[in-house]
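Here come two complexes built around subunit A, the first alongside subunit B, the second alongside subunit C.
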Partner chain A sequence: MDFGPYLMLATLEGAVLAAVLALMASGLSLVFGVMRVVNVAHGEFYMLGAVLAWWVTSMVGGGPAVAFVAALIVVPVIVGALAAAADMTVLKRLEYDPERTIVATIGLLYILQQVTLMTYGADARPVVPPFNTRLALPWLEWSDGGLHMFWPWGLSTTTYKLFVIVAGIVILSAVWAMMRHSRIGLLMRATQLDSEMAQAFGIPVERVYALVFGIGAGLAALAGVLIVPIQQAHYLMGGDALLLSFIVVIIGGLGSLAGTIVAALLIGLSDGIISVFFSPTLAKIIATLLVAFVLVFRPQGLFGTRDR
Partner chain B sequence: MSKSSESKSAVSRRSALKTLGLGAGAAAALPLWARYSSAETAAPIRIGFQKHATGIGAAYGRWYDRTSQAAVRLINEAGGINGRMVELVTEDDGTDPKRGAEVIEKFATQSNCDVAFGTLFSHVVVGSAPRAGELKLPYFVVSEGHHVASGMLNRYTVQPGITDVKSQVQAMAPFVSQNLGKKVTMIFPDYAFGHDHRDFFTAAIEAQGGEVVGLIPIPPTETSFTKYFPKIPRETEVIYHVMVGPGVLTFVKELGEFFGPSRPEIFGFIDSLEAVDLASPGLEFLEGTYFWEGNPRYAQPDQTEYDKHFRAAIGIDENGASINDSKDVSTYAHMFGCWETLYVIKAGMEAAGYAGPQDRAKLIEAVEAITTMPHSNEHPQGAKVFNGKTHQVFGPQYISKVVDGKLMVVHTASIEDGMYPDEVDYTTQAL
Partner chain C sequence: MTETQKILVLHVGLIALLFALNFILPAYHHGNLARVMVLATYAIGYNVMLGYTGLLSLGHAMFFAAGMYGMALSIRHLGFAPAPALLVGIASGAGLALVVGLLALRTAGVAFMIVTLMFAQTVYLTILLAGRWTRGDEGFVIQQHERVLWGIDLSDPSSRYLAALTLFAICLFATLNLIRRPLGRVFVAIRENEERARLLGYNVFRAKLFSVVISGTISAAAGASYGLLFGYAGATFATVQYSIFPLLWVLLGGTGTIIGPFLGALFMFYLIDLSSGVTNAYMLIAGVALVVLVMFAPQGIAGELRRRIWSWLP
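Let's turn to the complex of A and B:
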C-alpha cells in the first residue's frame, strides 16, 4: 500500500480507538478528579458494558438497530447504578481513604470478572452492529499533469466505525457541557475543589460522590457498548482497556478532562499509526515509555495542575 | 463446688465426643479398608483431563470436555478398560503454561491419576510436558503442534489422536499452489503454533514452486486487526490465515471489510472460525473461500456411519452445532482428537495389561508399538498411522469450500501426503 492511503487507514483505525479510550479515560479521570479515588475496577465496568450489551441485544427483539439503541440507553444506567451502589456500600465506609479504596476496587475487579465468568461464561460473543456498510475511500494522485482520484486496495472503513468516532465526540461534548453549564456540574466542581468547604456550604457531598462514581462507570460502560459490535464481549477484555486508560489519564493529567481527551487522541492515533507502520508491540512500548517520561518530568500530567 | 461439677461434666462430654468420633472414624474407614482388600480391579482408572475451561482456549475446552465425557461414557458402557471403569479428573489450566505444569503435578501427586490427557494450546503443552516427563506421567496431548514429533519434548509425551501442523500444511501446499495461486501471504498467531505454520508452510509451498511474499504475525490476545492488513503485499494471490483466541470472529470480519469486493483467493485453517457460526453477520465474503478442516464440520453427502455415531454420542447436529442450541457451534475440526486419543489409551492399557501407576512405562511402550488404526467408531475421522518413534499420528486432511454458507469437502489429502522423515526417536530415551 502507498504511504498516503496507508497513513489515512492508520489514522481512521486510531481515531476509533481514541474515541473509545477518551470515553473510558474521562470516566476514570472524573472519578479521580472529584473523589480522589483510583478506580482499578474501571476496566471491568467497560467489560460489563460490553457483556450487558450482548445480553440486552439478545433479549430485545425488533432488529439489530432497535436492540442496539436499547442497549445504548439501558446498559450505562444499569452499570452506573451498580457502581453507585458499590460506592455507597464499600467506598463510603472506607471514608475514601486513598490506599484502602485501591485495595477495595481491586476486590471489586475480581468480583465483577469472576461473576461474569460464572454466569456469562468464557466465550467471546458478538453483537450485531445496527448498521455496517463498507465504505471504500478514494485517494488523490498526481499523474499525467493533473489530480486523479483512485480507489486504493484496502483503503476503507465502515459506517459503524465512523459512528463510533462521532458518538465519542458527541458524548464527550455532553459531559463537558454538563460539567461547565449545569447545576450538578457546578456541585461536582465545587466538591472537586474542596470537599469540606463544599459540605459546609450544604452540598450533599456523599450523594455527589455516588453520582460521580456512577457516571464514571457509566462512561466506561458506554465505551463498552460502542465497541462490542466491532470486537466481541469477553470476560477478560477489561484488562488491556484499563491499562490504556491509565496511560491516557497519567499522560493527560489525572482529573483534567481536556488533558484526557488530548492524551486519548495521542495514544489512540499513535497506536494505530505505529502498529500499522512498525509493530503493535512497539506501539505499546512507546506508550509505556511516554508514561515514564511524563511521570519523571511532569508528574502532574500534560494538562494537570499540581496538588494543593 | 459448682465449678468442679462444671469441669466434671465438661470432661465427660469430651470423652463422649471422643468415643463418638472413634466410632465415626471406624465407620468411615471400614468400607475403605474393605474395598482396599479387593483393590486393583475395582478402583477406576483415573484420567487427568487438563481442560482449557477459562482463558483464550475456553471454547475448545468446552467441546474437548463434551467429546471426552461422551467417549468415556461409551467406554464404560462397553465394560471399561481391563474390567475397570474410567473416570475423568478435570482441572482447569486457564490456557496458561505455568498453571498447566501445576495441573500436571496435581494429577501425578495429589489426585492419583494414571495418565494426563487433553491439552490443546501448544504453549501449554510446551510448558507442561517437561513436568510430565520428570514425574514419569504419560501425557497424551491433542494439540496439533509439531513439538512432539520435532523431538523437543520427552518419552512420556504422546500425540496419538490428531495430526501435527507440519503434516497438515505439507498436505495442503500442493492444493494451494495448483488451484489458488503461487504468491502467498500468511497471517498467523505469534507463538509456537503459528510459528509452526510459518516455518512449515513456507518450506512446503517453496517445494511446490510457490513463494511466501508476506508474513504477518499477530499476538494471540489481539482484539483489533484492520491495522495489520495494509502489510499484505499488493502482489498477493492467496491469503493464508490461521488465528486463535477470543478475537477470531473479529479477525475474519475485518479481513472481509478490508478487501471488500476485490479479495484475493483465501485459504484458511478452520481454527480461525472454530466454534463460530459461519452464518454470523459479516462473514458473507467467505463464500467461495477454502478451509483446512481436521474433520468436516458439516455432515457431507457421503457421511460415514462412524461420523454419525460420533455426532450422536456427543449431541451434535449435521451443521456441527449442539443439538440443544444451534448457536453453540463445536470445535469439530479438532475435538475428534480427544475421542480417538481416549481409545488409544484404552488400546494401550489393554495391550500392556495396565494395572496401576507401576505400569506407566509399559503403557508408553504399548502405545509406541501401535502402528495402524482402522477407520472405525473408535477412529471416526479416518484411518491413522502411528509412528512410535516420533510419538506422532498421521491421518487424512480435508479441504472444504464455503458453498451456500456451508463447508463442503472438495479435496481429501491422503495419509501419505502428510508424511515426513522422522526427526527424533523417543524409543531410545530411558523410561
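Let's turn to the complex of A and C:
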C-alpha cells in the first residue's frame, strides 16, 4: 500500500480506539469532576463489561444481533449497580478522602479482577459481532491526467467498526445532553461546584455521588461491551485500558468532559501512527512520561483552564 | 524503664529473636523468613515516606527495581564483584529517587500518586524495551559463583538468612535513629501540618526531597539484596503490583511505626502463602485486605498496639 491509503487505515483504526477510549475516560473524568476522587478500579469495570457481555451473549439465544443488543442494555446496568453499591458500602464510609479512596479502589481492583479469574477463568473469549460486513474503501489517485478511483488491496474496514465509532459519538452526546439539559445533570453540576452548598439546598449529595459513580462505571462497561467483538474478553484487560484512560483524562484536564474527548481523539489517532514509526513499548514510554510531565508542569491539562 | 530504654529493648529483642530463629526454624520457614526480612526492609523504606512524611507513592517498585537491576546488570555485563555491584544498585536507586523527587514533589496529593505511578511504569517499560540486556519479563539468574560476598556464599541458606537479618537490622535502627533526630522530626511535622512546618521556617521541599531519597535508597538496598540473595532479577519486580505490596504491608503493619513494616510483611506473606495453596487468585486476599484495612483499621497492627498498650511505640 502507498502511504496515503495506509494513513487512512491507521486513522480509521485509531478512530475506533478513540471512541472506546473517550467513553471510558469520560466515565473516569465524570467521577473525578463531581466526586473529586480517582477511581483506580475503573479499568476493571471495563473488563467486567467485556466479560459480562460474553456471559450475556452466550446465555441469550436468537442470533448474535439480539444477544448483542441485550448485552448492550443489560451489562452497563449491572456494572453500574455494582459500582453504586461499592460506593455506598465503601467509599461513603471513607468520606471520599482522596488518598484513602485510592487505596480502597486499588483493593476493589484486585477483588474484581481476581473474582473474575476464579469464576470466568484465565481464557480470552470472543463475542460474535452483530454484523460484520467487510467494506472495501476506495482511494483517489492522480494518473493519466485525471483523477481515478481505485480500491487498494487491504484497505478495508468492517461495518461493526464504523458502528463503534457512531455509537461512541451518540453515547457521548447523550451524556453531554444529560449533564447540560436534564434535572439530574443540574444536580450533578451543582454538587461538582460546591457539595456543601448543594447539600444545604437540599440536594441528596450522597445519592448523587452513588449515581455518578454508577454512571461512570456504566460508561466503562459500555466501552467494554463495544470493544469485545473486536478484542476478546480477558480478566487482565483492565490494566492497559486504565492506563490509557488515565493518560487521556490527565492530558485533557481532570474533570473536563470536552478536554477528555479531544485528548481521546489525539491519543487514539496518534497511538496507531506512533506505533508504526516507533516500537509499541517506546510509544507507551513516551505516553506515560508525557502524562507525568503534564501533571508536573501543567496540572490543569493541555486543554484545561486553571481552576478558580 | 524510660521510654528510650523500652524502645531499645523492643527492637533489639526483635533482632535477637530473629537471630535465634536462624538456628531453630525448619528449612521452609527459614527460607521464607529470610525473604520476609528483605521485603520488610523494602517496606521500611516505603514507610519513611508514607508513615513519617505523609507522602503516598504508588511507584516504589521503580526504586526496588533500580537497586535490583543496578546490582544485577553490573555483575552480568560489567563483571563486577558483589560488593561494588551492591553499591551500584544502591547508588542507582538513590539517583533515581533524587530525579523523581525533584520532579514529583512539585505536585501534591492525588497528582503526586499518579506521577509516581507513571514514572514507575516508565521504568518498567524501559526494562522491557532494553530486553537485550535485561531479558525483560523472563529475567536472568545470577550464578552462584557471582554471589560470594567477602568469601561468604550467599546462596547458602544460613548465611543468606544472616545477611538478610543484617540488612534488616541496619535499616531498622537507621530509621529509628532518623526519626529521633531533627530531620525526622521535621518529616513528622510535615505529615501533621505542612503549612505550619513551612510557617515555622522549615524548608519543606528540601525535607520532602530528603525523605524521598532516603526512602528510595533503602528500597533500592532491599532490591539489590533481594537479587543477590535469591539469585534472580526480572521485570516482574518493577510492575505495579510491587508498588502496591509495600503500601499494603505498611498499612497492615501500621503506618508511622518502626516495627509495623515487618509485622505487615510477615503477616501478608504467610496469608498469601497459605491461600495460594487453595486458589491461584491469591491477589484477592490483598484486595480484600486493602479495603478492610482502609475502612476499619487505618492504624494497622502496630498502630493498634500503640493505641491500646504501648503508647511509647515509635
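Just so we're on the same page, the second predicted complex is superposed on the first by the 293 of 308 C-alpha atoms of A that agree within 3 Å, B and C clash if a C-alpha of one lies under 4 Å from a C-alpha of the other, contacts with A are read in each partner's own complex, and residues count from 1 in each chain.
Note that in this section a residue touches a chain if its C-beta (ideal position, glycine included) is under 8 Å from a C-beta of that chain, and two chains touch if they have at least 3 such contacts.
Note that this is a predicted model, so its numbers are computed, not measured.
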(message) Tell me the contact category for A:246 with respect to subunit B and subunit C: first, second, both or neither.
(response) second
(message) Which partner chains sit in contact with A:182 here, subunit B, subunit C, both or neither? Use first/second/both/neither.
(response) neither
(message) Looking at A:13 after the superposition, I want to know if it touches subunit B, subunit C, both of them or none. Which is it: first, second, both, neither?
(response) first
(request) Quick one: classify A:113 as touching subunit B (first), subunit C (second), both or neither. (result) second
(request) Give one of first, second, both or neither to describe whether A:159 is in contact with subunit B, with subunit C, with both, or with none. (result) neither
(request) Go through the superposed model and pick first if A:281 touches only subunit B, second if only subunit C, both, or neither. (result) both
(message) Per the contact definition in the header, classify A:98: touching subunit B only (first), subunit C only (second), both, or neither.
(response) second
(message) Under the stated touch criterion, which partner chain does A:173 make contact with: subunit B (first), subunit C (second), both, or neither?
(response) neither
(request) Could you tell me if A:128 is touching subunit B, subunit C, both of them or neither one (first, second, both, neither)? (result) first
(request) Kindly list the residues of subunit A that each of subunit B and subunit C touches, one partner per complex. (result) 117, 281
(message) Quick check: in the complex, which residue numbers of subunit A touch subunit C?
(response) 38, 90, 93-94, 98-100, 102-104, 106-115, 117-118, 239, 243, 246, 250, 279, 281-282, 284-285, 288-289, 291-293, 295-297, 299
(message) Using the touch definition from the top, list the residues of subunit A that touch subunit B in their complex.
(response) 1, 6, 9-10, 13, 17, 117, 121-124, 126, 128-129, 132, 134, 136, 153-154, 156, 158, 230-232, 234, 236-237, 240, 272, 275-276, 280-281
(message) Give the list of subunit C residues in touch with subunit A in this complex.
(response) 56, 58, 103-104, 106-107, 109-111, 113-115, 118-119, 121-122, 125-126, 128-129, 240, 244, 247, 251, 279-284, 286-292, 294-295, 298
(message) Taking the touch rule as given, give the residues of subunit B at its contact with subunit A in the complex, in rising order.
(response) 53-55, 58-59, 61-62, 219, 221-224, 226-232, 234, 246-250, 257-260, 262, 275, 280-282
